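Shared between the two complexes below is subunit A, which has subunit B as its partner in the first and subunit C in the second.
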Partner chain A sequence: MLGKDILDVSEYVGNKPLQIITSIVYSLYLIFVSGILILNFSELLRLIYFPNAATPLIILIFLLVAMIANKLGFKNIVKSNTLVIFVILVTVVVIFIASLDKVEYQRIFPIMGFGVKETFITGSLNVFSFGGLLFLYLIRPNLKEQKDFKKVGIISIILSAIYLLLSVTSLLLLFPFLTTGTETLSVYMSTRTIEFGKFFERADALFILVWIFTFLSYLSVIISYITKMNKKTFGVKNSSPIIYIVGILIFLVSLIPKDSSQILFAENVIYKYSALIIIFVYSFLILLIGYFKKTRFNLKNKIRAKRFLINVNNQNTN
Partner chain B sequence: MEFKKLIKSLFQDEQDTDTSFVLPEKPQDTENKKQPEDLLKNKNVYPSIDVNLEYIHSRFNSLINSDIKIREFLIHVKNKQYKSFIIYIDGMSDNDSINDFILKPLMMKNTANSYDGPQIISEAIANNISVRRVKKFNMNDYILDCLLPQNDVTKENSFDTIADEVVSGNCVLFIDTLDFAFNISTKKFETRSISEPKNEPIIRGSQEAFVENLRTNTSMIRRNLSNENLIIENLTVGKIDKNKCAVCYLKNIANPDLVAEVKYRINNIDVDYCLSVGELEQFIKDDITTTLPEAVQTERVDRATSYLLQGRVVIVYNGCPYVLIVPITIFDFLKSQEDTNINYIAANMLKIIRAISFVLTLLLPSFYIAITTYHSELLPTDLLFSIVASRSSVPFMIIIEILIMEVSFEIIREAGLRAANSLGNTVGIVGTLILGQAAVDASIVSPILIIIVAITGITSFAVLDFSLSFHLRIARFIYTILGAMAGFFGIAIGLFIHLIVLCSLKSFGVPYLAPYAPLNPSKDNRYLLRPAWKREFREDYLATKRPRTQSHISLKWRNLKQQ
Partner chain C sequence: MKARKFLILLLGILIILFSFSNSSSINSIDELAYVVAIGFDVGQNNDLTISFQINSPYSSGSEESSEGSSSGSSSTINTVECNNLDIGISLLNSYLSKKVNMTHCKYLIFSEELAGQGIGEYIYSFKNNIEIRPTCNILISKCSAKYFLENSKPVIDEVSVKYFGLETSSKKNTSYTEPITLKDFFCDLSDTFGSPYAILGSISGLESNNVGDNSMTLNDNEYTAKESDDNSQKNIENLGLAVFKSDKLVGEISGLETICHLILSNNFDNATVDIPSPFDDSNYISLYIYKANSKNTVELVNDNPYIKCDVNLKMRLLTSSEHSNYMTDENKALIEDYVNSYFLAHINDYLYKTSKEFNSDICKFGKYAVSKFLTWNEWKNYDWLNKYQNAFFSANVNSHLSSSYLLTETKS
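On to the complex of A and B.
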């Protein structure tokens, strides 16, 4: 299955219908996730800096920029990400180091949290944080060297783990408990505690700058992957209409939640469980079936080849 | 009668009496029409001297062209006389050379033009009858071999080529009965002498700069780079002004595909004229819509040579004291020739300062406006109070204030640059010191803004490349507006689109942000320099034929001493 992504595997397993289903499921999932995230982030921006602005306007600006980026090409988004990733890494490390003098290490206790069951069984559902692994299912045709796939997978998991570990550690040790807000707001709260001497007492705006940058990058990648998937599945040549449609759909999804409780529900329940079901169950199943089908096919071929050789040998001896 | 005249003058349409010269407001035709001169093209030399003479008169408009010189004379060849003429341009050819080494041997009767030479090829005697094979007389070989004591003479039969050679300063000789002409190299014209680089000064290193003459420039490169693999290929650009340019590269280092691409692009420019390398760059660059330069322009011979040694291609253009270097990355604009002449730590410090200057010149005004308008919590309270206090008497919004200052600064810069040298300094002093102080005193701008604009202006001078500074100036205005509209949100949006645009650019197949995007983390690709003895490889993205610049242990004398 060299150079094949989840869509190719779906086609191999269940022909074109399954490929279409996978493509639609993935697209809907990504549109939903990005719609909720963009809403959440824009709401945060509005609350902090633009109290008089309308959230849909901020969302629209984000989407327009992401669409422009997509118009400039997928390769350029990928190239820009190689630079953005270092900026994010530096930012997270700076947040972690800068908040070190405010942390209280006792807050790490109890290490097991609310007990074994809560930590390891209920907490296992938090694996949805690695939802970005979805891109590993799609990335393969974009790799120049197919042998790099393993390397890419390991590096991306390590990077995600570093970001999560640093963010969660600084949050956990800074605050006794997180009473309100989402993950983004929590990290923002941690940046508010950072002081660089007496001159810079509030540097959170600088981190917001980096996050906006990061979020734009994330949004561009999502739109380009949805475009790529649909282009491939439905054989569309021109990607521009898909880019616009995806942008509009994300915008529409972001308008669905009416209040913050709905946003929280969408983020904590729908996003969490849909990520688990689609990334860790549905995709795994397709890959497993594909693997078994391929193994069976190879086995059959081997048997056929053996039989053919035996027949040839018999004919020669006769 | 007077009354009638008065009435007429009062009511007459003005245009009727307007006898001043006017050109049609709209061109009659957007396509080039065939001109009578075009009929003269693609012709070959005729055997008849009179026809050739008439053609040359007509082609060069010699009746109205004062510097076109046509000299008719008779030449002596083996005691025979032939009608002939030479054509050259006064001021572009060497008169002494024409007199002494063309006219004199051809016109004067002397041993050369009367000498028969050994005419007998072979001789056989049988029965007292000698049979001799006599060499057939060939006048053109004879003239070329015996009568033109010049080092560079070629035969040309196309009038188009002949016209190109004459306008480049050569003298062309036409002789009756011959259906070709002798193109004799007699170029000599006044040129500017080699001087110091004016716009790229360095403390240490060569102080030679290119001049306007193509051949002088190529000879300077040749002198600096002593290797027979240095190829200097001449190409022509333009249909009307057929200007010469030389594509220089090291055959054993430069990627052949890159060289082919450069030549392909230059050969396929369909324009009437191209007067400078700046114009040429716009014709051959990959992305024609961007304001970013995609080639380095340098007046330094040593810089051009060092890029050649890296495996890049240098384009020398006749009439321009700058050369083009391709391909490049954005980091090449932040390099100075000084960097390699000094210790690598000092060089890296300078490079970091240039990078900081690059960022400041691009973003400082936008950050100022974003922080003061949207993110004032970033500033310490005391500083914030002093900013607010300094702004209290200023009647404008911050964006207006910044735009006034930025535009004023641009005007002062432009005026200082375009004014005569003696006036330039005065413009700068009047503009920056007197007007700046007056603006603050009149409460038109706040003192803090003067500091911001001054820092931005100074940092813009630390960005070495003139073309890149244009891009930075334009982008700075955009960022300032974005910062005013949405603070860091606007700046982040601008930065993101800017980054994607930068990622999309290529200079002759090399990504503009190489080696960082796409990431190619090899040791010798980095922006910061390694020690001179550790710079083992050429840049990967150039895909050169010779990747290594020095052996793994370049300081062999150290090892030998230790042994």
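On to the complex of A and C.
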């Protein structure tokens, strides 16, 4: 099914109702995840740089920028992302390299971690970290060359895995308290320990700037895809109302958690399980059913074609 | 187009609002009082006496002192009595015309008395304080922290923050101490591989009632912070390390023991040491050790740690005397033997002192033992930090005198 995304597959599998359900589920999931993540990041910014500012105001500024970016069009978001992604990738590598002289490789021991059950069974749920794969379900209509989809998918999964590994490795080998306690600002902590000689001591400000761009880019992409999905499903021509509504909804979601314990619960429990259910169960099932339906359809067509050819041959011989 | 104009207008209004509305609360150098060091002592009425050394960029250089504060050429010391740091900052803010800012704080100084009671809660508070950098040094003062700050006047540098920054670089030149930062101390405090330690500091030329007996005759390297005999002027003297068990101070190690510690923990840069001359009992020869490392292994024998340290030293000879000739193979071998014996004795002393006397694994031998365990629970149940007391050691020193050439060769 060249050029088709998960919404098209849903329509193929369960007609319009399933497409609407998929669109709503995806939209709600993305709104929830982006709302919680932007809240967490804004809290971090407030804690570090704007102690007197209200968190909703910081969130609002982020959302305004993302909404304006969406008003300027998807192509502009893609172009700006091309720059931002490169900077982000370089940043993660820099954090990893800069912390190399401070790491203690013995921190990978005990090799079985918290035990076989914790590592291999409970730990398997951490596959939710690959939640970004959701965009692979949606990206296909945006590709210029449809045949490159497989390549794009494999490269993005490998890149995600490598960068996840780099981040986790640098954190795990750098700090003992990550294994003995809870550390919410661990990446920020690691950037605070980085020194490039005596001249560049406070690199954390630079990383915060990069993360601000990252979040702007992330929010822009999220709003853009939610808008695209809903335009497609409900046949809306003008995208502006959807952009505003999505922006407002993300803002409202970010206002729901009252304290840090609720943010942690939303991140560690709701986000984790919703990502697993929506991305790795629901979407996968739709694709699987779509695949079997398509295979069955093709098989039926082949049988029909054969019967037709046999009939034609019989008629000719008669 | 209409929407775009509206957005541009909205953006313009927002920029103007943010540019002008909050200007009264913008923090500039005129509104901030920069703290360069904070001292903690046991308080008389409350739990704590906190002394803040605040840099005065516009100081005229005159010396003044008043109740609760004293000022030197470039800094002022303000003292408050309170229950914790945050209250102390609030109290200080209440009678300072400027807002206290700790982003340039270089030293956190705890008096020996307070460190003996435990400093964990302060370290955790600092860790959560965004203004204090993780690179801020932790120092345990032999005298009161206030006295330390009052007498820590820069000798060469004019700006005290720069002076504090340079002070810890002495490790690179002498190896008599190790710069321990807030991040290091916090990591060690929460670590299962080893125990925390901090810089041991004092003020040279202390009055006899501020420190213990200063009359002992010691080898140069065996000094600890209080024992230096330079009484000519009062300035910071960081020598040795303060050893902690969990968050409580349990002892101290001298300059030479610190060299042993740095060698065993593979953090050694370079050092100059005196050893008894193998050629003349009444003399010493000076050696410049420019490379040292230790291959450490841990085995568990009868559930107790058996720690093996294989130390390699590379050194050059600095001393020459009238009747010595260090060029011959025999003399070179003799010096190496002496160095091996000398360091073996001190390393063994250091190891058994940290194990039996302090029960504090400041070398982090735990990281060599952790690979013997399969799961985190097994490692935690073993309780390395307390098992270290039962450890027994086997050290071996191999020294290599890389060149015995001196600029002026002597002949026997």
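Everything that follows uses one rule, which is that the second predicted complex is superposed on the first by the 312 of 318 C-alpha atoms of A that agree within 3 Å, B and C clash if a C-alpha of one lies under 4 Å from a C-alpha of the other, contacts with A are read in each partner's own complex, and residues count from 1 in each chain.
Everything that follows uses one rule, which is that a residue touches a chain if its C-beta (ideal position, glycine included) is under 8 Å from a C-beta of that chain, and two chains touch if they have at least 3 such contacts.
Nothing here was measured: the structure is a model prediction, and the numbers come from that model.
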item: Subunit C versus subunit B on the shared subunit A, clash or fit after superposition; value: fit
item: Touching partner for A:73 - first (subunit B), second (subunit C), both, neither; value: first
item: Contacts of A:212 with subunit B and subunit C, given as first, second, both or neither; value: first
item: Partner chain in contact with A:24 - subunit B first, subunit C second, else both or neither; value: neither
item: Partner chain in contact with A:203 - subunit B first, subunit C second, else both or neither; value: first
item: Contacts of A:154 with subunit B and subunit C, given as first, second, both or neither; value: neither
item: Partner chain in contact with A:83 - subunit B first, subunit C second, else both or neither; value: first
item: Which superposed partner A:50 touches (first subunit B, second subunit C, both, neither); value: first
item: Minimal inter-chain CA distance - subunit C and subunit B, angstrom; value: 5
item: Intersection of subunit A interface sets (partners subunit B, subunit C); value: 61, 68, 201-202
item: Interface residues, subunit B side, partner subunit A - complex; value: 371, 374-375, 377-378, 380, 486-489, 491-493, 495-497, 499-501, 503-504, 511, 513, 516-519
item: Parts of subunit A lying in touch with subunit B, wherever the complex brings them together; value: 45, 49-50, 58, 61, 65, 68-69, 72-73, 75-80, 82-84, 198-206, 208-209, 212-213, 216-217, 220
item: Sites on subunit C touched by subunit A in the complex; value: 3-4, 7, 10-11, 14, 25, 130, 133-135, 183, 186-187, 190-193, 367-368, 370-371, 373-379
item: Subunit A residues within the subunit C interface of the complex; value: 47-48, 52, 61, 64, 68, 71, 104, 106-107, 109-115, 175-177, 179-181, 189, 192-193, 195, 201-202, 240
